[in-house]
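Across the two complexes that follow, chain A remains constant while its partner is chain B and subsequently chain C.
And then the complex of A and B:
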């Protein structure tokens, strides 16, 4: 009897707790993602998880990415570019305050950019700032950025999470107490579990519609499924188990958004290792691959085939998949022309993500069909970075390049796939200094064609980005033009 | 006694030094540069060097070992490479999850195992005994992560009695904290309880066939009285030994369960740290666990000597 009393007491307490959380549900949200940020400074690590929590929510840059990947004004309300394209003058919004109450001034912008490009900078994307000659605070709301040479992608570069504006007096603690200018303030971090944000009542722009945001970190795909099904979390961005998506699609409680990312998934090829240094052999590999079979088999059908190193949602994208259609007979002919009629053996080194591990098995069997044997080895990320990325000790590998607009890596002869083409370098240098949008677009298309025709790497597919959310949540980003979970416009429908 | 104590203490110190060397070297051999991991695919060489310098990764092996081991002696576990917070703070936070979880699971396992083991032993050969033995066989055989998922499916997704995982935090109240640890604790406790039940039963059966039980029965005690007054106490020694082992296992070995329920415990910390090449966290947590096990063994050694005078005289 006493036990039942205790039991019913317990149940009513629990019901009460549940009721309280229900009442607040309309302005609170729990968003889950797979990876936890290692720390909270987007300007000193490559970890995308940092941006996934903080970009645009807590930290802002002079410019910012929109949901479609366009570059929009951020902290800078406007800018002008000098005739020679070497000087950018940014006009900052008036009355912007950091979360600690201090004013945002041009000095903070100067500090942030100088810190990112400085001698001892630990910025993972330091190359973004390489063309900057000097930064000058003209008056409290005007910043002048002088470039060594015209740089058509400066506004784009400044929209990255690595280029957000921070205040010098809060930099010492930024890794655990991020102070930004965004629509949400950081409030609490229980390491290993969650990060809480709260609405910034003094926000300079359109205020956020949510009062409280909790990010939860659930790495295990099974646990992720359970958390969404049990409605412990309201949304899961980057849902890790594509095989479960149809189940959510069929359930009226949920909505499933499958968006595009900046992740070009490629069969990276060591362009200096024989026989892969022969373009004919690389072309043979390209024709031996059946992209759709890989997307279906490894990604449960989620992914867009690509024929070059460029995101299909970008307006400048050219569909070049026709250059490498699945044609095993042609592939065998090409191998014979290259003097390898009996095929050859190479290495296939696979990092941990499932696109690589599952995709690798499928590619290995497709290559075997044309006579190319692969020795598969599964590597941890740290080993992959050491052996493949740094040591360039590989024949083939599968990896997704998730940085936005990263076709420039083909202009770096020392980059891990060893592509050394002076013509591409020249083309890219032209692109860098070009300011005219139409000409830039032409050059970008030319660049895509050049690497596709050189068969530098096997171009597989653009990683899809699945989000599962409560059907009543509006305003979530579908695509991932940069790693971000921009919640500034998210709200609950009544 | 003093000599025995000092000898044990010396062996404790030597084990710790040996363990620290092995742990440090093992992680040195594993490939992977923490700085390269943190900065990703677009990092430039000078940035990598700047970060390595900040992290103190540029010294020789001996320098780095001495600075780490020296820090441990003074209670300074170093600063995590990735989180950039003191490792001791991180361990402290995680212990507030892992320790209660281990205790909770151990309590549950004891509460199941003692009655079940005693019941089975007292009805040896009966259908009760066969039933308990069969159930424990199953309990040992079922993988605990699978059982955990099953419970999530039933109690979190269908019945909605519990959340599917996560930790509410002690600041949300004792009950909320315990509630979020309940499913993980049951998943952890089940195999442990099965093992413990079997040990309890066989130890009790062994004791029941000892001479002193026959003597007790001869002087007129019933079977039950003999068991409760004389057999149980004597049968507890192997059971307590197993419980000690189980506790250190529960503390260190909950990695999979912590992942299934995404609990911010020690096991998940080590797991994350290994994949992020946060070597100093891995080293320090593993060292702490080694320390805990060695100290528990040391305490058990001492306890043996206190309980059993023969041990003292022999050495």
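And then the complex of A and C:
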């Protein structure tokens, strides 16, 4: 009898404890993603995974991207532009502190920008800063940036993860111990498993609603599915297996956000390798491809067809898919005109993501139908970077270009797809110095048409960005205007 | 003759093996659907009348894929066993003929060296270094068959060299090479056939393993291992994608092992005498 009393007492205590914890809103979150960052310095590597963990959470720039891709004030609360468009004066927020307690001053901004654009800079996007002539710290909260020529996209450029503000005192250890100004502080990194962040109590802006954040890295799609289903992770950003999304959608425990990205998925073509150097052959390839079949077969319907290297959600986007409609008969005619009536054989090198591996098999079958044989080889990322991106030893490859507004890569003749067109370079130089929004829009549209009419690459689809999360998590970004998992506004609904 | 059909291992073994060998042979001239043509509209159909085993994520007919996959598996395993026999058996015969000599030492220590490495791991290394293809998979699997046959041949041949009829042959003036071919080889052949069947089944497993990690035959060539790998994320809503290639691997390997067992019973004179 006494035992039963004790037992029931215990149960009521437990129930009480459970009730208390239920009443509190959860303040911890485990967010999973596929790729782990190689190190933690966003200003010295191209790896998008670094920004996916740290952008806006730990590191901030003068300006920042909003969830819709707009450029908003970041550490700079306001700015003014001189009459000639060559001088930008940024006013910094008062009282911003780094995570180590030191103050953010104009000197730190000068240091960060000078470091990024310096001769020996390891910054992966040095072109962002190329137009800067000098950076001057006028007083502790005022920075003056002088440009060589007016640059309409400076504020956009400064919002990139590669342009975040770092402090000279902590730069030596940044790769393992990042010190920023964001709403979360870095606390721990267990390599191969997870990165922990904790709330920054002294944050200058709106404080974060979560106390602890864990980023977990799960590369295998099957394991990703199991982890979400078992609720080992609260959210998975960039879920790798689109075929599993309908199951999550049907499950009331989860919400599925399918957002857009800046990821133009293209059939990259080596423009210098015969016979692909012949525009007719590239046009034939473009007409041999059935985009909808690729989106349905490789992405299970998630993805928007594109006809040029530009994101469809951008207001300046022109729908040019009509230039490369699926028309195998026309494709065969074009091949015959190019003197290749019997077809030809080329290589198709595929990196690991499923859009490439599955898309590759579908494209191979579509090209075979018009007489083009492809030798498929599946590569790991390191091999792909070595052979294709650096070595330019390929005929065709499939890859998603996830950087925002990256049409400028077509103005770089040494870029891996070897497109060398002086007319495009000239056009792009005009665009860089143009400040007038209407004229910029005109030039951007012209640039899109030029590469589409040259059939530089096969333009397939805009990569969708699926996020699977617990149904009670609010405030997650749906779209990916830049690679980021901004958790500063995320909270658990009661 | 009746013995052949009453053996408990031999009969199911030969039936399973014949079924898959026949599927592979038929696929050379005819398959229900062309496996290189993708039909996205027909994707992930469960088994039905038009597609008895259903269709995969690209709308390809799974029955056709398994038939073509059987061809890939059997071709890779067969050639790999062939490499092992052609190189391994003469090495074993030579080592036995020169028992205790330098040649014997060199051959057998080289065999030990190859044996010392885990075979599948080295196969992964070979295909990773020289590129993933069916040909490299054959070479990688074949190399590890050489010491298996060399050891088996040497061991069996050593006991034969002490027999009186070999002595008689030597007295009659036959050379070591001639004795090895004319008298030793026919007497170890039954062992080699049994081992060959076992190695054949291991070869099929190895090919499936290499293809599973993407180092075997490359698309569009159908392969059982890759079918399994590709279907992983879809098991929960399209189990037929993983079920049928998995069953194909299981049944082929089981069939070959049973066949090997049965052949051993039938070909080994000692066992046969004991049973009758």
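Please note the rule applied: the second predicted complex is superposed on the first by the 469 of 494 C-alpha atoms of A that agree within 3 Å, B and C clash if a C-alpha of one lies under 4 Å from a C-alpha of the other, contacts with A are read in each partner's own complex, and residues count from 1 in each chain.
Going forward, contacts are C-beta pairs under 8 Å (C-beta built on N, C-alpha and C of every residue); 3 or more make two chains touch, one makes a residue touch a chain.
Treat the numbers as computed from the prediction; the structure is a model and nothing was measured.
With chain A as the common reference for superposition, the partners chain B and chain C occupy compatible, non-clashing space.
When the shared chain is aligned, no partner comes close enough to touch A:472: not chain B, not chain C.
Look at A:296: by the touch rule set out above, it reaches chain C but stays clear of chain B.
Shared-chain residue A:244: touches chain C; no touch with chain B.
Of the two partner chains placed by superposition, A:91 touches none, neither chain B nor chain C. Counting the residues of chain A that each partner touches, chain B and chain C differ, and the larger count belongs to B.
Legend: residue contacts after superposition of the two complexes on their common chain; A:121 is shown touching chain B, with no touch to chain C. Chain centres taken from Cα atoms put the angle at chain A, between chain B and chain C, at 40 degrees to the nearest 10. In the superposition on chain A, A:222 makes contact with both chain B and chain C. Using the contact criterion defined above for the overlaid structures, shared-chain residue A:192 touches chain B, although it does not reach chain C. Taking every C-alpha of chain B against every C-alpha of chain C after the fit on chain A, the minimum distance is 7 Å.
Touched by chain B in one complex and by chain C in the other are residues 222 of chain A. Here chain B touches chain A in the complex through residues 30-33, 36-44, 46-47, 50-51, 53-54, 82-85, 90, 93-94, 149, 152-153, 156-157, 160, 163-167, 169, 175-176, 179, 259-265, 268-269, 272, 275-278, going by the rule given at the top.
By the touch criterion stated above, chain A contacts chain C in their complex at residues 221-222, 225, 241, 243-244, 246-247, 293, 296-297, 358, 360-362, 364-366, 368-369, 375-378. The touching residues of chain A, counted against chain B in their complex, run 10, 13-14, 17, 36, 38-39, 45-47, 119-127, 175-176, 190-194, 216-220, 222-223, 226-227, 229-230, 232, 380-383, 385-387, 389-390, 401, 403, 406, 409.
Taken together, the chain C residues at the contact with chain A in this complex read 36-38, 40, 43, 57-59, 131-132, 214, 218-220, 232-234, 236-237.
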